[in-house]
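Please find the structures below.
Two complexes, one shared chain (chain A), two partners (chain B, chain C).
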Partner chain A sequence: MEKRRLLITFFLAPSFVVLAGVVLYPFLYNVVLSFGNMNLTTIRHWDLIGFRQYVKIFTEPSQPDFYTVFWKTIVWTVVNVFFHVVLGVFLALLLNQKLRGKSIYRTILILPWAIPQYIVALTWRGMFNYEYGSLNIMINKYLGLPAVEWLKSPTEAFLACILTNVWLGFPFMMVIALGAMQSIPHELYEAAAIDGARWWHRIRMITLPLIRPIMVPAITLGTIWTFNNLNIVWLVSNAGEPADNTHILVSFVYKAAFNFYGYSYAAALSMVIFVILLLFSLAFLRTTRATEAAF
Partner chain B sequence: MATLLPYAGLFLTGFLFLGCGIRDNNSSRIVIWHQMRPDEREILQRQLSRYALQHPSLEIVDIYKETEELRSGYVIASVSGQGPDLVYGPSDPVGVYAVTETIRPLEHLFPGTFLGEFDSSAFTFFRGHLYQIADKVGNHLALVYNRKYVQKPPETDEELLALGRQLLTRYGVKAGKPSVYPLTWNYTEPFFFIPFLTGFGGWVFREDGVTPNLDTPAMVEALNFIRDVRGKHKIVPGEADYEIADALFKDERAAMIINGDWSWAGYLQRGLDIGVAPLPKISRTGMWCAPMTSPKGYSMNINVPESKVPLILDLMRFLLSEENQLESVRILMTVPTRTSLYSHPDVTSNDILKNSLLQIHRGKPMPVVPEMRAVWDAMRPGYQAVMGGALSPEEAARQMQELALRKIRDMKE
Partner chain C sequence: MAAVQLENVRKVFEGGQVAVHGLTLDVKEGELIVLVGPSGCGKSTSLRMIAGLEEVTEGIIRIDGKVVNDTPPKDRDIAMVFQNYALYPHLTVYDNMAFGLRLRKVPRTEIDREVRSAAELLGIETLLDRKPKALSGGQRQRVALGRAIVRKPKVFLFDEPLSNLDAKLRVQMRTEIARLHKRLKTTMIYVTHDQTEAMTLGNRIVVMKDGHVQQIDNPMILYNRPTNKFVAGFIGSPAMNFLLGTVDRRGFREESGIFLSLPPRHKKRLTKYVGKKVILGIRPEDFWVGGPRNRGIRVQVEVVEPMGNETYLYFSTAKNGAHHVARITASETPAAGSTVNLQVDMTKAHFFDPETELAL
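And now, the complex of A and B:
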């Protein structure tokens, strides 16, 4: 027994060291940093100053304003995850039918996910250009509507980021939902059909409850990824343009740390993000009882 | 013995990972971080290969990093005792590097005779110390024109507007847009706005060199001018970032572009018949539109051990040599920093280089103080909002100043 325990420890040790090095140490360092005053001028001689960075986040005016950015992050996350899930589940339902050329559709629908985010973001940025972007050309030519100043106005620029991320994110939910649907025993649908259940009833009473245990962790992950998705906002809006109006919390942190060298301020802000996401994940998993068995 | 085994494994793995974080102080390996464009990089690599032939025991590694990544990555790496031996780039982050004590002063490392071979613009000083020696100077904007559309470049703002109207009439409008835009530039980066600000007599800092000076009549007038150029005279596109402006000019959909010396060789390689002229004068003020200029050069990491310093200095001497600077002059048409090259036929017989030198002469050196970063970030929203019609020039100027002061305060808190 003792030998077996030692063997387990031996095999676990490398992964423990790696995790300690790449997760635990940076996390603890970040916690300490958030109580310090490390910035451009104090980078080599910084001190611990207590909760001052946290007080600054919540009480002092910043550019952009913390509460506005926080509100935008909520909108960004909710809208994105909503469309990821709705589109993903809807397309999975379609692909779960008997369809001709299903594998071709499936491949095409997974494409947005397969392309690197940087390329997607920069391509969409080009498509949002006022004069030469394909979106405005289509809006103008086929709908007869005036061109939209996608990247110049705060609301439109934020919408542009959301549109890009919706396009990028639905394939993940689609793949997860499709996998979950394919694991549902077919007999359940046959029994329901014998009982006279219509298509919508079968979806509502069989498919949705049975894919829930798989979808809930996927939604939780999707929420965390979307909440922390720096690439799309940063690249589509070109670092928060116009006028720093398209920031979400994580791009705000990035700018504070790496453009303004406010390392401790950024560390405190990232701790705030961590707490928000931790509370959300715990509450969401508990409310949806995702860990309970489905069958 | 068996009980010690897991712990031995754990420590071994730990040391392996620790090893990844230690700076490579191997004296036979020199690492350079830079932000050079592909054409510049090609030249650097050729030069390094030549150097390596003379020094077969040395391994020289050049690593490209994007501007922001270079700046922030270098500071973080160097503060942690790591980073490259040499860092190459424009002079503007030198203030940040010096304040964070990540680069070492160079004034005592080179003899006066060597430094005397350079134009003074090659040296970037901060708080009395020499921190960077450049192989190129400029990095400046000028008016680039396509000779197919423009025979004589405008010398004043009035001539510019008149030429713009003339080009609009001559080439007409297609699908609601001018077939050829008379002028274009990047509306998102305030660096491209500086020549207008200086043309109206403004500057980014007060005389102390660190207090922002953005809420001024000159700023309001300059913003008014560019707003009218876009909205009233309509001689520029409705929207243009760097890529759009560059593409319009390359596709011959724009007759003139305000762009930097880094772009000119690319236009020639594309087969465009271009000319480069100094930016025009603002008639009302009688002042030239003066772009910011900055040298591009090498700084040495503070972590380079003393034993390795001679090797690094020798490589710097080689990279800054006359022969290597001339190679860049010929291929990239950049302005060298060695005074002996200013009378070289390759410089004096080249119209583009001659006008480039004239533009540098009329330009203003970019401040290297860390506060400049806050000023750029404070100017960007206002500049974009005025070009987008969301703010009046007066309001934009007020917000720029307020924001710059706040960002500088935040940087230091």
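And now, the complex of A and C:
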């Protein structure tokens, strides 16, 4: 028994060491840092100052304002995840039908996911260009509407970020939803057809409830990824332009840490993000009872 | 209750594979008919065409006198029980049973009455709040039956409903289905690959092979007067033994030299086959151990399978020859490896043409 335990420890040790190095240590360091006063001037002799950074986050005015950024992050996450799921499930429903050239459509629809985020963000930024961007050309030429200042006004710039991320994010949900749909036994649909279910009944009463146990963890993951998606906001809006009006919490943290060098302030902000996401995940998984298998 | 008629029904799948070749069948009102055959014989496809789950390539299907070829499944007034139950896993037993009635906008009180009465009939009234995953195989199959019963359909369709159950439960459920048929008197079409199920349940049995109907008859006629070698071999367990040999004026001579004299009835029937090859079919129960050595066949027993009340003896008549089985009474059981004298009840022998495989 002792020998067996030693063997298990021996095999687990390398992965534990790596995890401790790349996850546990940075996390604990971040926790400690969030109670300190490290910035560019105190980087070599910083001290622990208790909850002062947290108090500062919630009480002192900042540029941009923490609460505005917080609510913007909520809107960003909800809108993005909503469209990722709705579009993803809708397309998965289409791809789950008997369709000629299905594999071609499937490949095309997965493409956004396969392209690196960096490329996607810069391509979309180009498409949002006021003068030469393809979106304005189409709006102007085909809809006869005036060109939109996509990247110059706060709302439009934020919308541009959302549009880019919706395009980037739906294939993940589509692939997950399609996989979930394909695991539903065909007999259930046949039994429902005999029972009198129409197309809509079958989706509402069989497909959606049965993909739920798979979609809920995917939605949880998607929410965490979207909430923490620095690349798109940072690259499409060019670091929160105009005038730091397009920030979400994570880009706010990045700016605080690497543009303003407020390391402890940024560490405290990331702890706030961590707690928000932890509470959300626990509450969401518990209320949806996603871990219960359907079959 | 309704009659079901199939007229020259053919099913060709995409890619040209013919699953059913011109099936003609007349299921009477209140009859329990069983479609039986090995995998890929077209029995399930035929049932699915009756259900409306497969399109009919050619031919006509009538339910209660109405042509239903283009009628969607929900408008055929049928209910189907599937092999793997097809219970909705996210719904309780009650909701599973009520599903079809709710879609048909039946009043809630009536749904409740029907579900509870079906649950009582099937002995699942205590399970109504459970989800399918909390049920055993037998309970799930009862729920699937209940879901079909509450709809009060004109025709019940069963697609190998007992295949996923263990042997003991299969026998129990088989009896319950037979009892249910007696009670409800609804037309039932039952598909199975298990000939025992077919024999015990069916008023009539349709034996199919490779998309063709081999014989439609009641169980005893199928057993005693099979129209061809396939039916003879398929119906009955253990299966009928086949011996290839030649008919002469006195009897049947198997290739290895075994000689079996023919009773007058067979002699007369086989006169035009004298000097020709025929296949002799003997059911395992038509052997017995003992009798004079100059009659019967002398064989070495390869395997002995005691069943308690009877014993199966496995032997072969020639080197590298086909293996045969005899069903004998337990008291006559010899040891494996011993040589015994087996007598054959030739009055019950069957003969088949080796080329056409039709019964002679």
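The rule is short, and it goes like this: the second predicted complex is superposed on the first by the 295 of 295 C-alpha atoms of A that agree within 3 Å, B and C clash if a C-alpha of one lies under 4 Å from a C-alpha of the other, contacts with A are read in each partner's own complex, and residues count from 1 in each chain.
The definition used in the following text is that contacts are C-beta pairs under 8 Å (C-beta built on N, C-alpha and C of every residue); 3 or more make two chains touch, one makes a residue touch a chain.
Since we're looking at a predicted model, the values are computed, not measured.
Enquirer: A:Asp195 in the overlay: touching chain B, chain C, both, or neither? Say first, second, both or neither.
Expert: After superposing on A, A:Asp195 lies in contact with chain C but is clear of chain B.
Enquirer: Looking at the overlay, what does A:Phe51 touch: chain B (first), chain C (second), both, or neither?
Expert: neither
Enquirer: Looking at A:Phe82, would you say it contacts chain B, chain C, both, or neither? Reply first, second, both or neither.
Expert: A:Phe82: touches no partner chain.
Enquirer: Is A:Tyr265 touching the first partner chain B, the second partner chain C, both, or neither of them?
Expert: So A:Tyr265 only meets chain B here.
Enquirer: Could you tell me if A:Tyr25 is touching chain B, chain C, both of them or neither one (first, second, both, neither)?
Expert: The answer is neither, since A:Tyr25 touches no partner chain.
Enquirer: With the two structures laid over each other on chain A, which partner does A:Pro185 touch: chain B (first), chain C (second), both, or neither?
Expert: A:Pro185 contacts chain C only, not chain B.
Enquirer: Quick one: name whichever of chain B and chain C touches more residues of chain A.
Expert: Chain A has more residues touched by B than by the other partner.
Enquirer: In the superposed arrangement, which partner chain does A:Tyr118 touch: chain B (first), chain C (second), both, or neither?
Expert: Once the two structures are laid over each other on A, A:Tyr118 reaches no partner at all.
Enquirer: Just to be sure I follow: which residues of chain A are touched by chain B in one complex and then by chain C in the other one?
Expert: No residue of chain A touches both chain B and chain C.
Enquirer: So in the complex, which bits of chain A are touching chain C?
Expert: 185, 187-188, 190-197, 201, 205-206, 209-210, 212, 293-295
Enquirer: Give every residue of chain C touching chain A within the complex, in rising order.
Expert: Residues of chain C touching chain A: 51-53, 72-74, 76, 78-80, 82, 84, 86, 88-90, 99-100, 103-104, 133, 147, 151.
Enquirer: Help me check something: in the complex, which residues belonging to chain A touch chain B?
Expert: 3, 6, 9-10, 13-14, 16-18, 21, 37, 39-41, 43-44, 56, 61-63, 126, 129-132, 149, 151-153, 238, 241-245, 257-262, 265
Enquirer: Name, in rising order, each residue of chain B that touches chain A in their complex.
Expert: 2-3, 5-7, 9-10, 13-14, 17, 68, 72, 75, 79, 96, 99-101, 177, 188, 237-239, 241, 243-244, 370, 373-374, 377, 380-382, 384-385, 387-388, 390, 403, 406-407, 410-413
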